[in-house]
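So, here's a batch of structures to check.
Here chain A shows up in two complexes: once beside chain B, once beside chain C.
Let's turn to the complex of A and B:
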């Protein structure tokens, strides 16, 4: 048990502290910070997927009026060695994916920079491109571990025998396509090198994460670099680490002392330079007895990584935890391709993996002639099947029951293709959600008192989720003062060390440090502190994961309409019910959870980065070609949560809500399309051709 | 983006004269497509002649009962015009199915007709494309072709025309008025856009320097019974997978006259004349519509990714004709 805070401000729907600044355009995002006489950078990108740069001729670019600098491997600053080879740009002549950074032009205006970049002449020695992912490749390999530090493979009991002896079996392959994060604010960096000191105004999910990665790479002492990020217009994981464009901007700035160099990636560039969700191929086998109790779960994943740098998505990991089954096997195999480097996209692992598992569960429910809500209830478990540990709090059943009640599930006719309104076939579906609760070590907060107010400082970042607001509420409750007495300072690497906004861990990690600092402050300075009293404290280490399995759960319900003539799919209604610990701010939490569900809807119906295997590039690399749900796609979407406080994890009682909204959403919609049409589609997105009567 | 000159023309003659001063000059309407192309390096004009403020922004009644739409009329204004909504609902619906509110506020009637294909290879200067660079090859034929043509394509190009408005205009037998160095002429909307053949670089039959000044709609009384159905996976802000504009003249339970135009399937808005011929003087019936649609699609050819468009267009055509005839007759 932790010493749980008494909630006063927590739990109230405090309006976003930055709302007025944002709606009036006064909130400075990275690119908005005013600079004197800035210069503008445009990258030069490789137009082959594999080979080497033989010659790079910048003569015409250098001669263009207004060009201040051209940068290639011939004149770029030397970087230190780094394990992250994605960052090692302009150091060698090798090309490992199409779009890789091989140079830059800096000019007086962005238009001149862009024009000059087009004038750079590059000759290549090109090798054959290999960008085809399939499960039958002979060169698939087993990574040492998968993202999050999880084991690559697990095998418990005797899966094959258990499957063979199961009365009911599901054996299918489910796929999710390559998908790209497309935050509204593109990745932007402004770099200023002055007096042997580099300042980066960067659109990033962690100022210290950027600082820790970039300072040594650029051969700088820690005090020579400062990263500033007051506001971020969405990240979803793609800004969870610095990528190569930050290195490019920094290198250019170091060649132009005293002049701020501004870089805003174009939407097209974002499709190659800042990560994406790997396509996944999931072979799922379920074995159950006649009343639906799972005997075996096997989830074997094939996905891709880049030749330049390995990223292994933990796609099968949720299948280790969600349901009780005595026999379980999970595995991950990778194909190394000539493609851009995959990275985090909202709920890496859980998001694609739970699509596979939860569509398979729907198929199992039908095979067992069992209601899909009831099937999930029957396979609930009090302990984590993988570790044997009890959950800190698990109420998947409560989410399913509450959701079924509110959604009107009770009268559901399980037979597919039975409901029609004009040309539209109507159906409903359900899926479970899960996401681990994490708290990151390495967070420190500082509290200062003066003039009746408390300044709370920590290098956290608000990527649009509401950190400015929720963290102030936590600080107020920890200091037992009104939230109006809190001055929060975040988004600057000069502030005390904080971890990245990722893995739904932000509030738990930063909030825990703020509470620790507040309690230390009170212990040191009492209820009536002297002016300018100050205390700093670190989030204490926790052994909770030795004793508990901390996970959140949820249930998602969707109603769909599928046009019997044209195959168009529309989603008139979605409801998510979540068990996620305490909600710090119901207003921002509702926005985050429904935002995740909308992103799941978008994944279900639209999102698909189309790879042209001949050239290894994403063909539909803009927002006209890569479809994200529009307002017209999003109808009645609601999220609620069970009233609970998790007393084991942190003093706030939270478990994190950033990712769980997307998990299971696409499966609920896919299952609803089966209920509407009788057509089982095992891949995403659910485009009209799947439902078309040929 | 390359530096360029910008001139705002005071009248049509001045615009045409300015165009004559440079072979790479371009007319600028709303700029919603051209400016993107300049950013992407597809277009590198040395002069933009702004025609968006020429006195061509009116919608006038014609003596014969038709309408004249000035080339500078914004898409949003045209869609909202009461005469258009009452007399030519297919046009209003086609306009509102296109782009987004912000784009429709900018885009002009003339510019909409002359927007270029959204084939991703055409828009990416690093890939071969016969339309952008004649003779370089077509990347789409063996590449990502889900959005490409099923009718009227050639070995040189399989791109589709993206406009919704043009499909609506085609079903309404619109006539395009053009001014050029050689004077004024009219072109039927069906003749304005070309099939690709050996010259996919030419989208239209317009000659260099020619400027669209207006679009005339003939007084087709039965166009009041017209509609536009656009099929797309996203509910808004997406180009058509397929679309159908249709107008039907029902007389004593029979189809006296009919117009059908299709979008998203060819290098130009596609007039379904074969289907129209089969419907005239027949009693409306779903089986009849099905036969007509199949006949129209008889010569349809699928690429790797777009085979679904053939049944999709068939179903959409049938549903559209059904909605126009059976429910109200």
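Let's turn to the complex of A and C:
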């Protein structure tokens, strides 16, 4: 048990503190900070997917009027060794993916920089490209662990025998395609080297994450680097670490002392340089009794990583935890390809993995002739099947029941392809959702008092999540003062150390530190502090994961209409019900949860980065080719939550809400399309061709 | 090649010299320091750079600055009068019609322009009867608003709240 805060400001729908700045466009994102006489950087990217740069000739670029600097491996600053080989640009001649950074031009204007970059002549020694992911490759390998530090494989009981003897079985392969985060703000870095100090205005989900990665790489002492990020135009994981373009901007700036160097990646460049969700191939086998009780779950995943740097998505991990089954197997195998480096995209692991598992569960419900809500209820578990630990709080059943009630599930005729309105086939679907609750060690907050106000400082960031507002509400309750008395300072690496906005852990981690600092402040200075009293405290270490399995759960319901003539899929209605602990701000929380669901809808209907395997190149690398949900796609999407306070994890009682909204959303829509049409589509996106000719 | 042009930006006359390759968006952001419109794609695909250009909504990344000599530009910040937010901006705040806020100035300008188009009776792709009056009748279909706003992408998925904000404006 933690000492839970009494909620006064928490739980109220305070309007975003930064609302005015955002509706006027005055909130400064990385590129927007005023700089005196800045210079503009345009990257030079490899035009082969694998091989070696033999020669790089910048003569024509250097001669162009207005060019201030060309940077290649011949004149780039030497970086320190780093495990993150993605960052090791301009240090060697090897090319490991198409679009890799091999140089830069900095000029007086962006137009000149771009023109000059096109004048750089590069000759290559090219090798054959290998960019084809398939489950039958002979060179698939087992990574040592998968993202999040999870075990690569698990095997409990005797899965094969249990499957063989199960009365009902599902044995299918489900796929999700390569997908790109595409935050609306392109990844941007503005770098200024002045008086032996580097300042980065960076579009990043963690100022200290960037600081910790970049300072040693650039051979700087920690105090020589400052990262400033008051606002971020979305990230969804891709800004969870610095990528190679930050290094490029920093190196260029260090060659042009006193001049701010601006680099905003183009939308096209973001399809190669800042990560993406790996395509996944999920072989799922379920074995159950006639009454739907699972005996065995097997979830074996094949996905890709880059030759340059390994990233292993934890796709099968949710299948270890969601349902009770005595026999369980999960595994992850990777193909190493000549492709850009995959990275986090909203709910890495859970998002694609739960799509596979939850479509399989729908197939199982039909095979057992059971309602899909009831099937999930029957397989609920009070303890985490993997660790045997109790959940801090698990109410998947509550989410399913509440959702079924509100969505009007009770009268559902389970038979597919029974409802037709004109040209439209109508159906409904459900899927479960889950995401682990985490708080990260390494967070410190500082509280200062003066002139009747409290300044609360921590190097947190707001990527659209509402940190500016929710963290102020937490601070107000922790200091037992009105939220109007709080001055929050975040988004600067000169502030006390904070962890990255990722893994839905931001509010839990930073809020925990703010509460610790507030309590220490009151213990030290009392209720009537002297002017300029100040206290700093760290988020205390917690052993909660030794005793509990902290997870959130949810249930996603969707109604779809599939056009019988054109195959077009529309989603008139979605409802998500979530069990996520306390909600700090219902206004921003509703936005975040429905925002996740909309991204799930987008994944279900549209998102697909099309890799040309011959060249290792995403051909639809812009927002005209890579479709994301638009206004016209999104009708009635609603999210509600169960009234809860999680007393085990942190003093706020929260479990994190940034990612769970996307998990299961695409599966609910896919299941609804089966109910509408009788066509089972086991891959995403649910494009029209799947539903034609039936 | 360079050209001298004049723009009226948020009510202020500004003269500048631009490379003829400079988009109106870059002229605003890089030359004039007007960073309210954002660059999400530079290709007319996202709407983040939307302003009111001579009174009509336009994506500023898709037009060259030199082609807009003499034009009047109103950005989201220019919609504020005497320190008061425009009703569309008020409604965005109250309805939490954004998260990261990056698409927001473009969305706001687009809503203002879209409502003018409605008042002028312009039909859209989903207008069933092209001869019927449209107007800002509160009964106008949600689908009309969604369709008319579909040039403004929001990766945070704030569409439901943007619709609610528009509704608040059309029904007041």
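The rule is short, and it goes like this: the second predicted complex is superposed on the first by the 693 of 694 C-alpha atoms of A that agree within 3 Å, B and C clash if a C-alpha of one lies under 4 Å from a C-alpha of the other, contacts with A are read in each partner's own complex, and residues count from 1 in each chain.
Just so it is clear, a contact is a pair of C-beta atoms (placed from the backbone, for glycine too) under 8 Å apart; a residue touches a chain by one contact, two chains touch by 3 or more.
Quantities reported herein were computed from a predicted structural model and do not represent experimental measurements.
Enquirer: Taking the superposition on A as described, I'd like to know which of chain B and chain C A:688 touches: first, second, both or neither.
Expert: First partner only, chain B.
Enquirer: Quick check for you: in the superposed arrangement, does A:31 touch first (chain B), second (chain C), both or neither?
Expert: Only chain C; A:31 stays clear of chain B.
Enquirer: So in the superposed three-chain picture, is A:111 touching just chain B, just chain C, both, or none of them (first/second/both/neither)?
Expert: Touch partners of A:111: chain B and chain C.
Enquirer: So, A:527: does it touch chain B (first), chain C (second), both, or neither?
Expert: A:527 sits against neither chain B nor chain C.
Enquirer: Between chain B and chain C, whom does A:596 touch in the aligned arrangement: first, second, both, or neither?
Expert: Once the two structures are laid over each other on A, A:596 reaches chain C alone.
Enquirer: When both complexes are superposed, which of chain B and chain C contacts more residues belonging to chain A?
Expert: Comparing touch counts on chain A for chain B and chain C gives C.
Enquirer: I'd like to know which partner A:78 touches here: chain B for first, chain C for second, both or neither.
Expert: Touch status of A:78: no partner.
Enquirer: Could you tell me if A:231 is touching chain B, chain C, both of them or neither one (first, second, both, neither)?
Expert: Only chain C is touched by A:231; chain B is not.
Enquirer: Under the stated touch criterion, which partner chain does A:629 make contact with: chain B (first), chain C (second), both, or neither?
Expert: Touch partners of A:629: chain B and chain C.
Enquirer: Considering each complex separately, which residues of chain A are in contact with chain B in the first and with chain C in the second?
Expert: On chain A, the overlap between the chain B and chain C contacts is residues 111, 622, 624, 629-632.
Enquirer: What residues of chain A sit close enough to touch chain C in their complex?
Expert: Listed in rising order, the residues are 15-16, 18-29, 31-32, 34, 40, 109-112, 182-186, 231-234, 236, 264, 266-267, 463-466, 587-588, 590-592, 594-599, 602, 622-624, 628-632, 634-638.
Enquirer: Can you name the residues of chain B that touch chain A in the complex?
Expert: By the definition above, chain B touches chain A via 1-3, 39, 41, 118, 120-121, 123-124, 126-127, 139, 142-144, 146, 231-239, 241, 308, 311-312, 315-316, 318-319.
Enquirer: Using the touch definition up top, name the residues of chain A that touch chain B in the complex.
Expert: The contact residues of chain A facing chain B are 47, 111, 114-115, 118, 423, 565-570, 605-606, 610, 612, 614-615, 619-622, 624-625, 627, 629-633, 685, 687-689, 692-694.
Enquirer: Give the list of chain C residues in touch with chain A in this complex.
Expert: 19, 21-22, 26, 29-30, 33, 35-43, 45-46, 48, 75-77, 79-80, 85, 89, 92-94, 96, 98-105, 108, 142-143, 145-147, 149-150, 152-163
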